[in-house]
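Below, chain A partners chain B and then partners chain C, in two separate complexes.
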Partner chain A sequence: MKRDRPPLALIVPAAAASLVAVVPIWYLVDRSLDRGVDEVRDELWRRRTLDLVLNSVGLSAAVTALCVIIGVAAAWLVVRSNLAGRRFLHVAFALPLAVPSYLAAFAWISWRPQVAGFSGAVLVLTLVSYPYVMLPVAAALSRLDPGQEDVARSLGHSRLQVLLRLTLPQLRTSIAAGALLVALYVLSDFGAVAAMRYEAFTWVIYGAYRAGFNPSRAAILASVLVLLALVLVIAESSARGRAAARVGSGSPRVGTPVELGRATPLAYLFSAAVLLPAVVFPMWRIITWVTESVTADVQFSDVRDALWNTVKLAALAAAATIVLAFPVGVLAARSRGALGRVFERSTYVAHALPGIVVAISLVFVGVRLLRPIYLELPLLVLGYVVLFLPLAVGAVRNSVEQAPPRLEEVARSLGNGPMAVLRRITAPLALPGIGAGAAMVFLTTMKELPVTLVLRPTGTETLATRLWRHTSVSDYADAGPYALALVLFAAIPAALLAKATR
Partner chain B sequence: MITRTTRLVAIAAAALSVVAAACSDDNDSSSSSPGSITVYSGRSEELVKPLLDQFSAETGITIEFRAGDSGELAAQLITEGDASPADVFFSQDAGALGALQKAGMLSTLPDELLSPVPGAYRSADGEWVGTSGRVRVLVINPDLVANPPTTVDELLDPQWKGRIGFAPSNASWQSFVTGLRVLRGDDGAREWLEGFAANDPVAYEKNGAVRDAVNSGEVAIGLVNHYYLYEKIAADGAANVRAVNQFLAPGDAGGLVNVAGVGVLKSSGNRTAALALVEFLLSETAQRYFAEKTFEYPLVAGVALPDGLPTLDELDPPAIDLSDLDTLAETQELLADVGLLTR
Partner chain C sequence: MSGDPVLEVRGVHKAFGAREVLHGIDLDVAAGEIVAVLGPSGCGKTTLLRLIAGFERLDAGSIAVNGIEVAGSQHCVPPERRQVGVVPQEGALFPHLDVARNIGYGLHKGPEATARVHEMLELVGLAGRGEQRPNELSGGQQQRVALARALAPRPSLVLLDEPFSSLDAAMRAQVRDEVFDVLRTAGATAILVTHDQQEALSVADRVAVMLDGRIAQFGDPDVLYERPTSLEVARFVGDAVLLPGTLTGDAATCSLGELALRGDHPPSGPVVLVVRPEQFELHGHPTATDIAGLVVGRSFFGHDGTVRVALDDGTMIVCRTHAGRLPQRGERVGVRVGSPVLAFPATP
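Now for the complex of A and B:
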């Protein structure tokens, strides 16, 4: 059958996206081998390297597990229960996405220094990351056909049995996708673990730059994260299985909400236990900084300019990322060949790299191949694409997978060429994913610091660089207005994401 | 279906046009055009911008200013190599400058720029020069400390158990430990650190928080740089600050002096302007600015110190070659090993 050969119009841009995503890998290999293979062995074959890798893996595992538990529970509450106020809660649960991990970590550590350490790092990273699981799971839950559950119940299964044996297995794909993003993100994080003084593997990578002034050493160490990412990506695709598209005709009936009954107070308790530390606490801290900063010398026009730059960059990053992510996502959802899988996985690998490594790798490529745009806006946008491609690829793939491939097969059998099918069937099916992916990239770009700092056009200030600028010299008071603007405006795409998954 | 497709195409087209527009709206400002230099700075814009503006006003040389972490900027410069757009690197500490010197990226500065700065605060090969200095001190609360210690070894006395504050992730603290390793060897440094750790020092996020904790009496002694106290006095008024600085005994490892400094890139396309900036940073105007605005030590002889500060000669800091402070990675490993870096 012809349908097994995806059109070149998809393969070529997907290959280009994949090439962009592996730019850091090229750099890492080049720099690592700079000083010979022996150096690589000496650098890696150290007790401390192993210890720190284990620290990071442990942290990543703990945070991912907690995010899955909180994310699934929150998604179920807001989609399937009869909890009053669940629509509001749905949006509220997504808001921690607007809080950068470094800001959340500093909010805690400057309030109670005792929280430092493993538990503090787990706390902060879980609270800012669980929406990565909650949002796709909520979306999947709202699409599930309640008919199946009714049948299972009528066959004598208890509620719990239905949940464990029918509902959860159907959520596997979305849980796995969210968990992968969380796990990779935690491996790459430096801001939160630095503030919490939990010695994760990124410490030695940043140390190699900041204290050792040794980019080669940093490259060798960062390669370990690439290998870990590969393992995780492969593990995820086997845990994911193949998504099952709904095959029934018509649109799915909306399920009857589950009565919580006496469990209602428990549900509110859970919501408060998540939202107080994840949303209310950082907001309270930021507002404190702002009120303390009334005497500080903060110009409104500076905040406004930084906000405008932030929004502009985020919009460009979202647009560019979506354009490159679309072919990869469609191929990943539809092609059964190895190519689609390779393209998709390649976009995830750089996601485990700390921002500074991606930034320096783009410096490497920028001065050699892209000199005219070096330290200009397009190279910065390219940096965001490398960082955030998987967020958009996952969203596009997810939406396309929801629709049965039969739709495209029918269109083909009616005489449409592959391009026409792509344009008239697949692309419209992917629209929700395109929107969700764009919002996610927009949001994450707003918070991004390391790549922005290194690659921005001279003189461009974003909310994140302003935050850095003020916090690196003095106290947080001067940074307060920028932190507030960042969190408030990042909350808008976060809320939209939540609304879209309803 | 057709309308949805059209809409999609429209969205994609709009997105592409935004990208294209944004890509083209940047003017092609070449950093090497006469009268313009690019400065990579590990020192913050807040701190040095007024000074650089004054330089531009006086000389007509415009400055493209790029701020970042000193170490990360050094990595960026090393990765850029000969193609670097930077003319001048203004670093927060000597270590990053030393790394660039080792990578062969800095040019030798003329003697007349180097000679006003004492030999201890510039590169022996003349490739970078210190612009201002900071001294490690003890900040103490006189209500809690009758006889302040004057050496780091006295801090190991059990009477200070749980009463000393420090900022484990602060670069200056780690520089001090690196200096201790240089002076006493790794074993000697480890011995002191183990004694210090056994005294249960209290960890804070930043030096400013250490100073505040001393001032409020939460702890009795803090290990910080000298200027944190003066910042607080400037902000709150002398009458409202209890804490005082205790400088360490001459030669004591605790009184390390580190510098911020500047170097000119070999690849600079505008060496004349770059050297003019170095000259300006060492001028009386700039040196006085550092003393008055940041309470740092001016390094050029003859410039008045901030009020009440002993001179560097009086302090007689430990004799350490600042370019030997580039082994911070090993320092962090040692600190982690004795349990003073992480939790």
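Now for the complex of A and C:
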């Protein structure tokens, strides 16, 4: 519906959300300019800065390419093929979402230390992040009209031609969205590159902070990372192209699954090649640690408390993030003006920031403006909100876009104002998609490390912080029970997400 | 007209970017009247409907409902305060609400609303189906629920946007009759937008023919058919065979010989003659002086049929005849025009 101006009741909270999202930028600019513009120039012109850019971009490109291949192939297998057990595989392929990148990295390092470096980082990050491509692609595949494929076949195209010329082009939007998530995730990941000792941006930034001698260098490097992310976001929106809307009113039909025939063993081989290293291997390592920890000194009550804190924080983060993401997502989906786009894009900025930068910038803001909640629960939750707004905004926007605008028009003609229509029509229709977004935030918060480490109230331990403390000193036996609890409980929202895309 | 004007549209202009869709539309609808806006796809009729409903803003002109201006170049009343109900294509029922909640959507909660919902369910013949979900209903039932939903808050005016186009042909006529029976029973004032001339002519009190963003003619259905004011309207409303001819005085000469004219006709000179298919009379065994041709195609409809005839001078005509007398393909037939025809000035 064309409105001249969206209601203020939407604009004000959306503006607040995007303001929250750009807090880290304020910090970065302030800190970068600490020692003057010359310092910034010198820092940028160093040979080492270029090396870091190349390292991070190379890692990000390699992982994204691999994730697109694995993610699209896995999505096609579980949605369109006749592979026996594909419903089980659909959930199994999503399970790596439950494995934090640093945990996967330590599982490999503790087993074969020589994988450290570029290849190890590519391996681990690919295995934990291909579901970000698989889930949206699987959802898009199951929405495609199978009638189109039938028509193309009857026009003389082979299965392969149909895949290349008809199916893949229509999946472009969801592939691009998933690839963006992966690329940004890799740029901002800290745990895996640190464990793999790969000189990516985040590791060096963390080093600069930790050493404490040069915070402005860290801020300048982090700003370069933000620029890289900006380039990615712009590239994605141009690769997205015009979303192909479903034409015609035919009710969606499930297509006849494609007979794999003699390719069946190949499909199982592919599934095993992905699932063994991505799911079975880390589980085997964790169980080994747990059996070793029988002799170690782990209190059951510590695990229970950490689990409770983890679930509580994840639930708070999911609720707060969705509440703030809702107005931004609705504006992005419904208003044609520039305002909606600006709000939406601004929430994406933080997506490329390493968690550690978000954490430090909230310390900066907390000390200056929010003294009463500094090192209290609300500031920690705010940190999660900044980190995960893009996940939630994307989920809200996509699900609102799928609610037909015509329904909103009818509701208006029946006497409802814009806000009442939002409450009575748009929100209920978008609810399943928004729920999936909440599950994603919940899951990611459970695994989150740097923001939790820096901003948690004194004495609060989560599964992730316990896990980090033990694994970073190679005390794997003590880490075992926490790792097991984290992976098992994170597997629940991961499996729900897979079901939601079916 | 049977009452005061419910809707007054005056000089409405609307452009999307550089493309102007409506070039000065005027339209009056009286209380209790059903008006059809008939036009080919892309003529701007849906845009007109969306302007009346308040979903789009007009560029110039004004729209008044019950004598109160709801849209002008300066201001625009939002759709929720216009009391204009809408029945869109395919119904657009709210999928997350059951039938009763769909119908009651525009009502304030309370015992009166419950009673009204029951009343509307009765009216559209769906009593007892209130707890069903929209996806459990047939297409025709969905349209009736959409109509009940629009009528429930007693709007001043109901707008129907091609409401039957998604139904299959067999159901279409039946659902159409049901819907318009309901509208008449409720005494509603309504505008039907359609590209189907048969639909428009059969259900509406008056029909506005819309061509290329303008109202080409607005009048009773029989007047539109019998006395179209332009060649475009004559071609669009009902089937027509167009023949070039020359007019002298009160008769015109063309490939069918000399034909009598009716209605207003242009001064002498080159004209285009409009012959309705049912005006042709066919007869077997033509003599050498008769105008004749070869049957090249025939369509049988049960109660009657049409025959395509290629005249000896190459002109192609379509004739409607009684089914019992359909000539065979390849047969030679004589052709006569049995009644006066329409003439319009030939455009150079």
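To be clear about the criterion, the second predicted complex is superposed on the first by the 474 of 502 C-alpha atoms of A that agree within 3 Å, B and C clash if a C-alpha of one lies under 4 Å from a C-alpha of the other, contacts with A are read in each partner's own complex, and residues count from 1 in each chain.
FYI, contacts are C-beta pairs under 8 Å (C-beta built on N, C-alpha and C of every residue); 3 or more make two chains touch, one makes a residue touch a chain.
What you see is a predicted model, and the numbers here were worked out from it, not measured in a lab.
**Q** Which holds for A:Thr458: it touches chain B only (first), chain C only (second), both, or neither?
**A** First partner only.
**Q** Check whether A:Ser413 is in contact with chain B, with chain C, with both or with neither, and answer first, second, both or neither.
**A** Second partner only, chain C.
**Q** Considering only touches as defined above, state whether A:Glu199 meets chain B (first), chain C (second), both or neither.
**A** first
**Q** Just to be sure I read the superposition right, which of the two partners does A:Pro428 touch: chain B = first, chain C = second, or both, or neither?
**A** both
**Q** Report for A:Gln299: first if it touches chain B alone, second if chain C alone, otherwise both or neither.
**A** A:Gln299: touches no partner chain.
**Q** Once the shared chain is lined up, is A:Pro404 touching chain B (first), chain C (second), both, or neither of them?
**A** A:Pro404 contacts chain C only, not chain B.
**Q** Looking at chain A, does chain B or chain C touch a larger number of its residues?
**A** B
**Q** Thinking of the overlay built on chain A, is A:Val381 touched by chain B (first), by chain C (second), by both, or by neither?
**A** After superposition on chain A, A:Val381 lies in contact with chain B alone.
**Q** Just to be sure I follow: which residues of chain A are touched by chain B in one complex and then by chain C in the other one?
**A** Of chain A, residues 424, 428 contact chain B in one complex and chain C in the other.
**Q** Inside the complex, what are the residues of chain A that reach chain C?
**A** Touch residues, chain A against chain C: 1-2, 4, 249, 404, 406-407, 409-417, 424-425, 428-429.
**Q** Of all residues in chain C, which touch chain A in the complex?
**A** Contact set of chain C toward chain A: 53-57, 78-82, 84-86, 88, 90, 92, 94-96, 105-106, 149-150, 153, 155, 166.
**Q** Using the touch definition from the top, list the residues of chain A that touch chain B in their complex.
**A** Its residues touching chain B are 48, 106, 109-110, 113, 116-118, 120, 194-199, 203-204, 207-215, 217-218, 312, 315-316, 319-320, 322-323, 356, 359-360, 363-364, 367-368, 371, 373-378, 381, 423-424, 427-428, 431, 434, 450, 453-454, 457-459, 469-470, 472-475.
**Q** Can you list the chain B residues touching chain A in their complex?
**A** Residues of chain B touching chain A: 1-2, 4-5, 8-9, 11-12, 15-16, 18-19, 22-23, 25-26, 29, 38, 44-47, 64-72, 74-76, 78-81, 83-85, 95-96, 98-100, 168-169, 171, 174, 203-206, 208-209, 326, 328-329, 331-333, 336, 341-343.
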